[in-house]
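Have a look at the structure below, then the notes.
In this document, chain identifiers A, B, C and D correspond to the written order of the chains, with residue numbering beginning at 1 in each.
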Amino acid sequence: MVGGGPGAMIGVAHRHAMWLDNQYVLAAGIFGRDPASSAAFAQSLGVDRVYYDHRDMAKQEANREDGVDVVAVVTPNDTHFEIAKAFLEAGISVVCEKPLTNDSSTAAELVAIAETNDAILAVPHIYSAYAMVRQAARMVRDGELGRIRFVAAEHASGWASAPIDQWRMDPDIGGVASAVGDVGTHAFHLLRYITGLEATRVSAELSTLVPGRPVFDNATMRLTLSNGAPATVWATMAATGHEHGLRIRVFGDDASLEWRHEDPQHLLIRNPAGGTTILAQGMASLSDDAARVTRVGLGHPEGFLEAFANFYSDLADMLRGNPGRELSIPTGTDGLIGVQFVEAAIASHTDDAAWVALP
Amino acid sequence: MVGGGPGAMIGVAHRHAMWLDNQYVLAAGIFGRDPASSAAFAQSLGVDRVYYDHRDMAKQEANREDGVDVVAVVTPNDTHFEIAKAFLEAGISVVCEKPLTNDSSTAAELVAIAETNDAILAVPHIYSAYAMVRQAARMVRDGELGRIRFVAAEHASGWASAPIDQWRMDPDIGGVASAVGDVGTHAFHLLRYITGLEATRVSAELSTLVPGRPVFDNATMRLTLSNGAPATVWATMAATGHEHGLRIRVFGDDASLEWRHEDPQHLLIRNPAGGTTILAQGMASLSDDAARVTRVGLGHPEGFLEAFANFYSDLADMLRGNPGRELSIPTGTDGLIGVQFVEAAIASHTDDAAWVALP
Amino acid sequence: MVGGGPGAMIGVAHRHAMWLDNQYVLAAGIFGRDPASSAAFAQSLGVDRVYYDHRDMAKQEANREDGVDVVAVVTPNDTHFEIAKAFLEAGISVVCEKPLTNDSSTAAELVAIAETNDAILAVPHIYSAYAMVRQAARMVRDGELGRIRFVAAEHASGWASAPIDQWRMDPDIGGVASAVGDVGTHAFHLLRYITGLEATRVSAELSTLVPGRPVFDNATMRLTLSNGAPATVWATMAATGHEHGLRIRVFGDDASLEWRHEDPQHLLIRNPAGGTTILAQGMASLSDDAARVTRVGLGHPEGFLEAFANFYSDLADMLRGNPGRELSIPTGTDGLIGVQFVEAAIASHTDDAAWVALP
Amino acid sequence: MVGGGPGAMIGVAHRHAMWLDNQYVLAAGIFGRDPASSAAFAQSLGVDRVYYDHRDMAKQEANREDGVDVVAVVTPNDTHFEIAKAFLEAGISVVCEKPLTNDSSTAAELVAIAETNDAILAVPHIYSAYAMVRQAARMVRDGELGRIRFVAAEHASGWASAPIDQWRMDPDIGGVASAVGDVGTHAFHLLRYITGLEATRVSAELSTLVPGRPVFDNATMRLTLSNGAPATVWATMAATGHEHGLRIRVFGDDASLEWRHEDPQHLLIRNPAGGTTILAQGMASLSDDAARVTRVGLGHPEGFLEAFANFYSDLADMLRGNPGRELSIPTGTDGLIGVQFVEAAIASHTDDAAWVALP
């Protein structure tokens, strides 16, 4: 692991996720820029091998017989590229936090480097690893909703409703389109994952809800999907009073579905007559895709860390060389598409919310 | 009443709303274009005076000592203007269904005629008459949410998710921007009513979700509000599986609120710390504006007809010459603003969703 | 109407319910014990004929050609018997608030008097008149739940969570088993109405949750139903923070259902696999019993007053001599069974919650 | 670990819970009665030391320097006593599934043995380890609800709504009062944990909802709490269509609270005025007791396995000799009280639901 030192919540999540299914051992890492603090933190975690430079770590771990199979990069956005590049070039697989990088050319470069070096590059849009999101994606692919006619996705979090001092609010580190990169890419990936559709163009209005904030903390986006259907994505970190606020509604000709992160073990299916059916994780009638990532069963809620562990569990399968599944985890290409989405959103905003084509 | 013959749901709603508080007697009307059917229906309702032409009705009722005080116009959209005009010119107040007319010049004309003739012109955006919507509007005006930073309104109904043959789907009668006129104006008025803000510009993408339908049944709109805050309005009749789907979320610097038509007797207030408080109609701590339109009290849900009756009750106060309240019912000016909104949405759509200024 | 003077909420509800469907005219009444206040109140309601004594009113109205068809008795519990008796003996139908009387012998007497005089005696357990309760009762009767195995009903209101000075808290007027008589009888009737089963025995523990209160404001009851299934009924007015708190869950071998008064336009059906289906009032697939008492349709919530109006609408049908329906309104016999239930609960409580047979 | 072989869900839960926080290594075990299957399963888990007899395991592990600190006993109920006894006598701490044993004398014996041997005996009523349950318990202890006046607890699961063949349905193995022992003890412990009150007497009606089942799968119980307040506990595994169905409502003079296992990261607080406040896990304003067992924070739902891991994390603290906390995990004494509760429920049922004193 690179990053995720004391106080970094995302590192906490990665570690619990690795441990939960007992498939990973945290063997080496760099836990922040301060060597002493990093070493002390590593010790508290029982991590033996501490490094101070990611190039050094990549080189040494690549040379060890018991070197790490994969490294999690959980540093601020502007450092993703250099760090991920070092490990991928050394043939070490990488889990890199989103946005993959701050521009699409470097993101594309990472994808290419991974391929060249036969390494896996995975991006933890972990919401797609929830059992009921897998169920949703399966139902759409099985045609249970009919043709998709509209999608409304939102990641409207309240975590930064008030002024806050953090690297995510520094445009040079987190990017100026913070709401799009930080949370919008999650909603966008969720939309792509469940519907199996791509976006062909985007119109975005970026705004700053918290006065004085130097980044855009709110974005309302329209998409045209690859089947021609319209869609909306709303992303913000300034939705006063919201918890995580990730929610998606997919409308088909024959039914619609709704999934909310505040109640992740349920999936709502609405039929044209107006009735709603609530499916619960663990029901025997669910798809294999959902059952495969359910641990205890009906009535035993699984949450964020289980979804994160599903991501790592699927990754473990891939690291072991198992053939991929149709519904698996996001890779570098998904990360690249996410970065392209951020760029297009900025381009649209700059042009008064005009439509901008996605690659 | 003009319109609202056999099978017309909106007429049913108006009548129950008039009766509920025992403040109105339905004395005269034209219940459809077929004289025999209209007369039979009038008899079934206990209505004594049946007419066959609205001009005739306006003239005769204006001349009677016991003539009607107000007439409800619940006919298809394209006839609103002529009918409302006839009554207003005769000095008879009018409740005219929305959209007020199919273009803003005729809408403005109606407003002017009403004023000239000292008649009331009211538009039944009745959602603003729910007790908890009044409470929401009061809380915003009292500053309990702080500065409004974002609003997300939607009227995403499922009533026309499948192909349907009805005048509302005829562009010549209901207007081509059906989703905007029929449901979008409700969401838009609700936004204006609760926030007390106007919209200065709109960007709209109209689309047709049900293949082959000759009108737009879906609209995603962005607004800029008069305080500079961004907002979104989503309007559709083709949200598969939805009930009424009217919902609004208002985000302020200090708190946010949410109201949903599926649970109208509650109002959710969220504070920046992440806690949610559910206010229930009938609580002693609510504002006078909410208490005034509550009949039985806490634990006794009031629904659509009670809200509609609140509209008629406020109108009765106005007809009796009582001075207006800050939070009362929508008038012709609100109807005109709604028609302008529809026109601007169409203009924006025609220009590839460009921003269009509102008057 | 007898009772329901200024400030009496139950009178308010009865009146709106009569007016809503325009089938009743409030023609005569006694609105409280003070003649002047009663007369003034009658005038404010537009009621022409005011009386000061119920015997006088019964006699005079019975002699008028345009005398009232039915009188609503909404006075405190201890006066129900004498008042209802006077009208029934005069051949005037009676709607009498529950509990019908304070003991079963007088309740039985009222039932007999009504029959002898060919008058209708109806008891407004109006929760059974909600569309979705009718739907529930229909589904049970149609066997969609299979054999009923357990029922959990509760009317756990918060209206008297704090000390309060009211006739309902006077054991001589409202009865000592206030929680059973006031709210428990509603839950009990709802159970009988939906399941179509009777109770054969009851075990009750009565308690006083608000210190110093001279009546029992809490009751936990066990029932054995006529098919042998166990059931529970919890009744209280001291459930701190609750709104109305009326809720029923019926478990069958093949499915279960849940209905809550806080969300009355929906009905939850749960299947053995763990899925929940939410049925909404107005859906085209609902039974005739539900459709018959739905006014506007899907997405337009109906509440307490509409249910109350359904009661009066069914009563109007009966007054017109229409043949009864399987699912209609509670009559004197239901009221008598309710009083027997209260008596048995008290007897059980007195015997340390021992089982007591119901007649 | 003893028990928890292939297919045993409870073993799965224990293992994930141990792993999640990386504080436990699963080092030794007996995974079922078949040696070959047990050995193969151990290997799949990476467990080095496999035994075939619990006495042998206890002896050998006690003698090893790197012997296990604690053993989880997750076998059928009738074997708990012998197995737990063997480890405790060897000075090895034990996590023993509930009900601790099938009678209170053996349960008391285990408690005594644990004390004598300075070993920890813990019972995984893990619902008390949810962050929001800890929050609830803290709020009650801090007096935020005022005097507790009533409690309604239920564990009404649907897992055995249909006939099922399993040791839990064998009265000789799981006990005849299956609903009380299996799920009722969870609801009962939750009630004790949150309120801090004991029960002084119980009245129980046991029944069999699924025809032909040889155990009682349904129990309605009344309790009198140590402060004199009444309470109810409903326990069943045959609540058709329910998920886990664990839910508790605690009513105080000043407020009430509600927690449901289907939405475990929220806690509802209701005030006497009728307003409801929803507290969410991760809010900064929550108590230390809740914050201490929260991993990622607001908006990141934690579920059953996290609660289970909280149990193991608290246990790890105790194994390290850290002083106890007021709100920690259930021990042998709690297990003993649970067994006494089961015995009293059976005694009451046998005596026609008469009141039976609890020790």
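Just so it is clear, a contact is a pair of C-beta atoms (placed from the backbone, for glycine too) under 8 Å apart; a residue touches a chain by one contact, two chains touch by 3 or more.
Fair warning: this is a prediction, and the values are worked out from it, not measured in the lab.
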Labels of chains that are neighbours to subunit A and to subunit D: B, C
Most distant chain from subunit B, judged by the mean position of its C-alpha atoms: D
Approximate Å spacing (C-alpha centroids) for the pair subunit A, subunit C: 54
Centre distance in Å when subunit B and subunit C are each reduced to the mean of their C-alpha atoms: 35
For subunit C paired with subunit D, centre-to-centre distance based on mean C-alpha positions, whole Å: 41
Per-residue multi-chain contacts in subunit C, two or more chains: 158, 242-243, 273-276, 280, 282, 298-299
Touching residues (chain side subunit C, partner subunit D) in the complex: 149-150, 152, 156, 158, 161-162, 203, 205, 207, 209-210, 218, 220, 222, 229-230, 232, 234, 236, 238-243, 251-256, 269-276, 352-355
Subunit D-touching residues of subunit B, taken from the complex the two chains share: 273-280, 282-285, 298-299
Subunit A-touching residues of subunit D, taken from the complex the two chains share: 9, 12-13, 15-16, 19-22, 26, 45-46, 157-159, 242-245, 261-265, 280, 282, 295-306
